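Each structure below is given as structure tokens.
Heads up, the next two complexes both have chain A, just with different partners, chain B and then chain C.
== the complex of A and B ==
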């Protein structure tokens, strides 16, 4: 019993947190700020609970599997959620339905936990739905905005569609192998046409969630229409969780079919890099801009994973951590400015350095990290991803990705130029940050600088894999 | 000697400026830091030569190795040979001169000096690294400062030029990155330069990695046809920025070609030598001919930089010990000379508010100090004996003539003939600026002591190298890619000087 609790430490603590928010509505209505503070506290508690050492193991006849690596990945996600909520403190305070926001976010995170812990396609599918559906509701949480409704509709339709494809793949796989368990599947995979079809369908399901080209079309509209915290959640936390389980799926479950998924990954990696970058070049809305840049970032992960090299998993997990800091840093600044002034367009950011030097530096460093420029952690993350790609001797793909880094730098520099070099027509006012926002910014900027220059994070990940 | 200091001091200086460098204090702190760096580099020279006398056989000395990313065999690995010491000294001199030239920067001086100092730190890092990953890290570290320095404090089409420069250099980095990865997985799975050198990469690997690395680093040193960032970038940058870019950043490329491409892939270096020689010659000729057409004095110096850096590429391509020494000497000489040029152009521009040659004239009467310095820089550029340019270029020619084949000798003849073109544009430009009736002077304030000091420092370096090249030649003697050289051509007749 105790052992089961220990194995599910993340899930149990998070469930308790979610239940608290269910109960809290029963009592007297309190100020939004109070709820927000309660949320931070509960999430901090989950983070602490996640640190309790626990042995690797499995539960429910292998449906739920955990290890030190999985446990660490869950802690990354919890930490990321806490960071992004702190960064959107201002948005939370103004909201009328804060307990619901927390409840839905916690449910979705719970889904992600089960997702990366799943030991069978059944659990995988259930967890995926739990992780996705609350987000569709959250997309529409700025109730008055028409764009938000559009985002929610697109989100729900695209996820329903991808779930359908995923289920079809799962059923084909079950039909040809007779099992859904991750441990039994590899032995029964023989590369028959049916299984390869199932692989392609499953991959499509993943591709939707990871916004891999050509299944990315929903991404930009949903990111633009949703409130900033939800966009951040989608692009950082939910995508991070998907990358983790994607690694497991490729490197454990579908290892025997490597010859097939290798081709899929190489093609989609190149397409994702190209399309993500080309579309990001012309974006004027910063949320949309970050959406397309995050599509391109996934392209780099695919370059690494396609190699099938041992290095690739560590590099991908490390990159998710780096990406978490960089993207939350960037979104935090965008969110703070959007909440304070309502402005989200690139032209509004002209001359921001004059009025808000600290926010400008935070945004610039985060963007440089996303672009992969030292001394930020993004440089190391990208370097290791490309290194993993090169380990599979796919130098052409790596060269293509390296050239794409130059293209990406072009559009990140557009923002930097607006911040530092251009003269504003109507300068933004000086934006004062509140304590939680400042904490989130400091932590993410520190993370952007520290996780790269000091090798501890990478070495821990590499040891656990 | 502790090599960390040379990276730590600039980093600490940058942090100090960022935290406490309000107003005029920024320049003060930056200058103090630069003086310490120059002191350290001289100390490095002294300890290095002293150490060399007792331990002649070691390739790299003062090594420090700290495992950085253990699972990936990446180490923070520093060490120097004679070439690195020469480049470090060049960097220290140019950094100090650049900082002295920037005392007058009034728009956001704190940010300016922080970025300028960071740029220097990146250069030291590249010259001191013995691990290809560390080297690449420091090479890319300069991207952010370069972009902001040109984009914020530059002039003219500064935003366009900053972007063009950064993107082209990033393209170079991308090629270097792929090349480094190819070297890592094609070789001993290590980025350590001594390890890769001793394990000797397979010829098939060398064959495709060498062009990537050489072109990648070549972009930094204005290798034809990737030279187009040089004129735009240099002319748009603020004075100190131009000095750093032309004096130090372009040398990162030449140094990278030597240290990684030629040093680690001797077979490929020989195989591609003809191509490199031809590209070097094109850069020399094309650069000098293009300079003839320039009307803007900053563009003039930028195009002549392409021509002068062609000598570096040519020296590396000729593959004799003497020619390689010539390439290194040319890097040092061009670094000092071009920094001096840009410094003087900065001084003149402050007083004329124009860079168009035909709008200036007779400035010798108005500012004799600056124009004399310009004159000396010009003479150095056209290779007058007694100044550093002569030593460097003559060494390349002598080294090239040692190669008996037709291509090398033709290349030497072509490169020699470019000096005539250089004389034409230099003398014409200086005549226009210095002689004739006084024109173009707008604000005749005197040259400040900081500016004088910067100019004298650079002039001192040029004369020291020109009149007494012995010490520099001895310093780089025995360093560099000996494995790439054909047998029987290693004897270096430097006694000529």
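== the complex of A and C ==
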């Protein structure tokens, strides 16, 4: 019993936190700020509970599998959620339905935990839906806004369509192997036509969730229409969790079919890099811009994973950590300014440095990291990704990715140029930040600067793989 | 033609009718129905494989039961969202959802 609790430490503590927010509405109504503080406390508690050392193991006849790597990935995600909630403190305090926000976010995070830990396609599917459905509700959180309704509709329709394709793939896989367990599947995979079809369908399902080109069309619309915290969650936490399970799926479950998924990954990686970058060039809305930038970032992860090298997994996990800091940093600034002034367009950000120098520096450093400029962590993240991509001797793809890094530099620096060097027509007012926002900004900027220079992070991850 | 083949062809038929409907229909509720057809095709596949090909364990049946449950949850949420969209735009036609575009 104790052992089961210990193995499920992340899930148990998070379930308790979610139930607290389910019950908190029963008492008398309190100020939004009180709820927000309670949420931070509970999430902090989950983070601490996740740090308790626990042995690797499995539960429920292999449906739930955990190891030190999985445990660390869950801690990353919890930490990321805490960071993004702190950053959106102002948005939270303005709302009447703060407990519901926390309840939905916690349920979705719980889904991601089970997703990373799943040891069977049954658990995988259940967890995937648990991770997705609450977010569709959250996209629609500003009920009166037409854009929010549109975003939520697009989100849930694309998720329903992709889970349909995914399930059909699972059913074919089951038909040809007779098992849903991740441990038994690799032994029964022999590369028959049915299994390759199943692989392609499953990959399509993943591609929708990871917004890999050509299944990325929902991404920018949903990111633009949703409130900034939800956008951040989608692009950082949800995507991070999907990358983790995607690594497991490729490197453990579908290992025998590597010759097939290698081709899929190479083609989609090149398409994702190209389309993500080209569309990011012409965006004027910062949320859309960050959406396409996040599509392009996934392209780099695919380049690494396509090599099939064992180190690619470590590089991908490390990159997700780096990406978590840089993207939350960028979204935090956009969210703070959007919550304070309602402005999200690039032209509104001109000359931000004059009125808000600190926010400008935080945004600039995060964008440097996303672009991969040393000495920020983003450079090391990209470096490890491309190195492990080169391990598979696919130099053409790696060169293509490197060219794309240069293209990406242009549009990231375009924003930085607008911040620091352009003259504003109507300058933004001075935005004062509150303590949680400042804490989130300081932590993410520190993360961007330190994770790269402190080499222990990558080595720790590589040792756990 | 044995029963398994018949069931598999029916399931594939359901799935691809669903895909076709999802991609061509412009009404959100019809798109929901098409998505449900896709899920049901997959569920039928699982049950058929379980019964006629791998009868020793019940993995496929379990997954099919969960698919039905989750499809209900998904439909409930989708209808709520579509209702909200209707209040905001007075339309359930995808061609009218054009505020977010690149």
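Keep this in mind: the second predicted complex is superposed on the first by the 465 of 465 C-alpha atoms of A that agree within 3 Å, B and C clash if a C-alpha of one lies under 4 Å from a C-alpha of the other, contacts with A are read in each partner's own complex, and residues count from 1 in each chain.
Just so it is clear, contacts are C-beta pairs under 8 Å (C-beta built on N, C-alpha and C of every residue); 3 or more make two chains touch, one makes a residue touch a chain.
Please read these numbers as outputs of a predicted model, since none were measured by experiment.
For the composite obtained by overlaying on chain A, chain B and chain C can both be accommodated side by side without a clash.
Once the two complexes are overlaid on the shared chain, A:348 sits clear of chain B and of chain C alike.
With chain A used for the fit, chain A forms the apex of an angle whose arms reach the C-alpha centres of chain B and chain C; rounded to a multiple of 10, it measures 140°.
Between chain B and chain C, it is C that contacts the larger number of residues in chain A. Looking at the shared chain after the overlay, A:437 reaches neither chain B nor chain C. Applying the stated contact rule after C-alpha superposition, one finds that A:462 touches chain B and leaves chain C untouched.
Once the two complexes are overlaid on the shared chain, A:180 sits against chain C while remaining clear of chain B. Within the superposed three-chain model, A:100 lies out of touch with both chain B and chain C [touch as defined at top]. Smallest inter-chain Cα distance, chain B versus chain C, after superposition on the shared chain: 25 Å.
Across the two superposed structures, the residue set of chain A contacted by chain B and also by chain C is empty.
Looking at the complex, you find that chain C touches chain A at residues 8, 11, 15, 18-19, 22, 28, 31-32, 35, 38-39, 41-43, 45-46, 49-50, 53-54, 57, 59-60, 62-63, 66-67, 70, 73-74, 77-78, 80-82, 84-85, 88-89, 97, 99-102.
Contact residues on chain A toward chain B in their complex (touch as defined above): 311, 314, 368, 373-375, 379-380, 383-384, 386-387, 390-391, 393, 395, 398-399, 402-403, 405-406, 409-410, 413, 416-417, 420-422, 455, 458-459, 462-463.
The touching residues of chain B, counted against chain A in their complex, run 68-72, 133, 136-138, 140-141, 143-144, 147-148, 151-152, 158-159, 163, 166-167, 170-171, 174-175, 177-178, 181-182, 184-185.
Within the complex formed with chain C, the chain A residues making contact are 121-122, 125-126, 129, 133, 136-137, 140, 143-147, 149-154, 156-157, 160-161, 163-165, 167-168, 170-172, 174-175, 178-180, 220-221, 224-225, 279, 282-283, 288.
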